[in-house]
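Next come two complexes built around chain A: one with chain B, the other with chain C.
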Partner chain A sequence: MNRNWLIDWSLRAYVILALAFVFAPIAASFVFSFNADRFPSLPLGGFSLRWYEAIAEDPLVWEGLRNSVVVGICASLLSTALGFAAAYTDFRYRFFGKPLYLALALLPPTIPVVIMGLAMLAFLSRVSLSGEIHSVIISHVVMCSPFAMAIIRMRLSQMDPSLEAAAWNLGAGEWRAMFHVIVPFARPAIFAALFITMAVSFDEFAVAWFVSGLNETLPVRILGFLQGQVSPRINAIGTIVFLTTMTLVILAQVLLMSRSGGVDETPRRQEP
Partner chain B sequence: MKKVTIFGLSFSLPLLLWQLLFFAFPLFFLVALSFWVVENYRMVPDFDGVNWTKMFGRDVFWDTYLRTLALAAGASVLVSILAFPCSYGIAFKLSANLRRLAIFLMIIPFFTSYLVRVYSWQIFLSDNGIFNAAFGLLGMGPYTMLNTDFGTMVGYLTLCLPLVVLLQVFGLMFVDRTLIEAAHNLRCGRLRTVFLVVIPSARVGLVIAALFCFILTFGDFVGPLYLGGGKPPTLSIMITDTTKAGQQWPRAAVIAIVMIATLLVVAFSAIGYAYRKRA
Partner chain C sequence: MAESLVVFDNVEKRFGDTIAVDRMNLDIRKGEFLVIMGSSGCGKTTTLRMLAGLDAPTQGEIRLDGRRINDLATWRRDTPMVWQSLALFPFLDVLQNVEFGLKMRGMDRARRRGKAMEWLDRMGIAEFARRDISQLSGGQRQRVALARSLVTEPEILLLDEPLSSLDAHLKVRMQAILSNLQKELGITFVYVTHSQSEAFAMGDRIVIMSRGRIEQIGAPVEIYRTPHNHFVAEFLGSSNIFQGRMAPMDGGLLPIETGQGRFYVNASGAGGKQEGASTTFVVGNDRMVLSEEQPADARNVLEGRVIGEEFVGATVTIHIETDDGQEIRAQKSHDEIAHLNTDVSTRIFVSWLPESAYVLPGE
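So, the complex of A and B:
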């Protein structure tokens, strides 16, 4: 191979530049949340916790946080359960219309969020389900379950289908084999799916903005702040949101990497 | 053929029912909604084409449509080009461990509040922001970056860059290394190898990456609104305005259906192009 030292290193530098671009806004949010000045700019003002104090005293922020946590937990539990069931269906069964089934299961994230928001608002208000916390949960399950299904499906595709058949031959019923063979094998992916879906739900602002009515979640609150004046309070809330979702996503990734042995484990079944 | 069992149904049905009821049905309901009429601020079920003729008769609608289309297409090209050296570096120039780390880091922002990241860019781009402070030290500027198309593009880049890089990396990882070595052995220059061997072999991944960029930017309202200023609007901003301010849900539904139809056409042509047999 003829390698060129200069080209290799400039490409590596470019990768670092791209990562810097991606993480710059996250870092800036963090730095300016501790900045005493009202209008964020350089040079920095003194260190201060006043913006954190300001949001801690804002009852609307607390209410938003509570709503977000409730929605996040419910949506992640429900969408992971639904996603697991669908992933298992894909793993085990062949049936007529399966591509359509998979499309329906995986398609929601490709629909623009404003359209989802409008459709959910129009439909849910027609059946008198809109403007409540459960309207947000219902919509978030639609949007999160594809992620859960994709993650668990990836894990199941690494499993030898004959393991389940072996359990049946040894006298285990279908339910018993499910809980003693399939679920333990998929456990890291199930937890990863719980974390990822919680992160997706915790960050989702558009559909929640359309359907939540007065029960605003935290991101909808942030959207409200954005429409008002510039305020470093957004940085303080943002830092909390970033820390929460990044923790969830990192946990999920670590789970998927360590227990499944990363990419070294050869998949036994090809993706369709 | 296996028998249909209670066991099987209890796993296959829940998601199917949920997505039919709360995903497919609401989307189809939009079609019906677009024929309803608004009387005295209340929606009345009807079969009236008035919303369609009203929306299609407005120059503003078509201007916005073309503008949104141009912005999304431009973003797909721009983000693809800017992402490519990064994906190429990750796929070919990093050790296996560093590559895993880079992918790990690129996945994080995809799930991390886009809204707050856009707000954060305002700190960089505003007239008294970080960039202009830095330019000031060099004796340049200030430049207006916020509320311009440049701002919109920064927003789009924030939204799409990580995903586009990831999809491109997966495309590039499947390129047969022996093809590249063969090209080298045949004295094919570096850039020529990239354009004649690597890019054609990774075509599926690259096109899918650009397609996702188009889908995401076409429907995004946060970047164009809070970094681009929102004037003139994009279709997504129009939907939020029409829904939130005017109670004109049927007209918003018309915009939404036009958007979905556009996305379907673009998606099918892109996929068709990606998997087309090489001429």
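So, the complex of A and C:
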């Protein structure tokens, strides 16, 4: 093809610059987390793992991590279950006010997090549920369910609606059809939803800051550190959080991109 | 007459304001291959779905073996269906698909595997037992779908246009397979289609539906030669339709006065109708005789111009337009018209014998 090389290369340069701009802060944080110097400045000091050692020795970091992991696992399980139920409702039933139902189910991520955090705090303290680790779980379920629903709904929309009816027709009651047909079909999306919601929960700061009380999650703890002192430890924690989240998101992407899902119900056995 | 397996007793199905099936009465006999045919939206698929228990009748009663099944959940009946999309489970392999029905009925693993393999063997696809559905060809998938439905050894099999996605060649082969299978098993097949060729190739009896009603039930030849009414004749497209009024009897023949002239039919066709009554009669496309000269002794003659011809394998359908604009179709073998000039716009005479005409009883 006869294209102008100048335009061609300018476009490439533009894309590279845009990506560099986005990832520079993260890359900087990554690089400086291994820097021996106290202050982030160029040229770099020697390579060092001292900041990682420092956070590994800090019980507060461990507690924050533990809270984050507990919240992440509970919130992802609950919000994926809720999201699946909501997506299945959309797939299976037609009812009055369905567009409204869908809009409401997908609404939470569009609410500014500060407002969401305040509202959750006000509500949870009214019903005496605030300041505990389950407060963070509840809030994160509210925030994560729409993501789970969107992912699972997309998968169900690719399903031939007669598949479920075929299962009934072959003698499966509604619950058995659900577990033998709908869930296996949606399985890749269900796992993707688990990973994505866990990533969202693991990263979430604002709402957790409002409702966590003394049970701070890792992002809340990081801000606590920042307010106290600027230390390269922040870079080390940031790197860990970033890598964790990226791993979860990449796992979810891989699951969603594999065409049939590639997950079989039972392991293959060699039979005559 | 063979025993009834399924009875539709005044069954009506409404979706909101639309009537999908309108007070249907239908007996489905044990061991017959029944084809329900009609264009889309005629209620044929709804009829099948009610039989499978996927839709419940609004009114009336459906009985299977004398037992009312209106409100019996679909998973409690043994009325397996072969779906238009086949609806094979993509996350299971061939064997797992076939054994699904047995697994849901609680048969233990070893027995259901054995049975499923038996059916795969019978359908000639045993070697693919461990393949994924996506690795199979269209014809192989059809067989998997059939095996999956038949593995529970039901009394009745429902088929919802299962061949519509196949190419013509494969379609003909699958028709033969289905037909033989039904004879071998001796169970009832209820087959829904919009395709005449499928219906005539396989059906013992054909039900023609339109707008939720049954227009005619009968053996293929019966429907083909003696359509009940204008709708059936036109739907099949195998006959030329003429409308007119009865005139007084004339020498053992019944004259009918139409816009195109006076035509004679056999007196037995009058069906108790009075002189002057409005009448419709049909003449099969293949009963039309073509000639270049005016036939001297023919009683029913029309003159027109050839407007086109259409090859359908061994036969040719010649389309002729009469001077007053009616289109006549004549279906002939290649030999029969070899001596005729059938170029477009050639003038040609069409004639037929009085006994070739059939007066529609339902008009």
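Everything that follows uses one rule, which is that the second predicted complex is superposed on the first by the 255 of 272 C-alpha atoms of A that agree within 3 Å, B and C clash if a C-alpha of one lies under 4 Å from a C-alpha of the other, contacts with A are read in each partner's own complex, and residues count from 1 in each chain.
One rule holds in what follows: contacts are C-beta pairs under 8 Å (C-beta built on N, C-alpha and C of every residue); 3 or more make two chains touch, one makes a residue touch a chain.
From a predicted model like this one, the values you see are computed outputs, not experimental measurements.
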First (chain B), second (chain C), both or neither touched by A:181: second
Touching partner for A:6 - first (chain B), second (chain C), both, neither: neither
First, second, both or neither for A:214, with chain B first and chain C second: neither
Touched partner set for A:242, first chain B, second chain C, both or neither: first
First, second, both or neither for A:163, with chain B first and chain C second: second
Per-residue contact with chain A, leading partner among chain C and chain B: B
Common ground on chain A, meaning residues reached by chain C in one complex and by chain B in the other: 174, 263
Residues of chain A that touch chain C when the two form their complex: 160, 162-163, 165-174, 176-177, 180-181, 184-185, 187, 260-261, 263-266, 268, 271
For the chain C and chain A complex, residues of the former touching the latter: 52-54, 73-75, 78-81, 83-85, 87, 89-93, 96, 100-101, 103-105, 113, 130, 132, 134, 148-149, 152
Residues of chain A touching chain B in the complex: 1-2, 4, 7-8, 11-12, 14-15, 17-19, 21-26, 28-29, 32, 39-43, 81-83, 85-86, 88-89, 92-93, 95, 101, 104-105, 107-108, 110-115, 117-124, 126, 138-139, 141-142, 145, 149, 174-175, 196, 199-200, 203, 205-206, 210, 219, 222-223, 226, 230, 234-235, 237-238, 241-242, 245-246, 248-250, 253, 257, 262-263
Interface residues, chain B side, partner chain A - complex: 2, 5, 7-8, 10-12, 14-16, 18-20, 22-27, 29-30, 33, 82-83, 85-86, 88-90, 92-94, 100, 102, 104-109, 111-124, 128-130, 133-134, 157-158, 161-162, 165, 181, 184, 190, 212, 215, 218-222, 226, 236, 239-240, 243, 249, 252-253, 256, 259-260, 263, 267
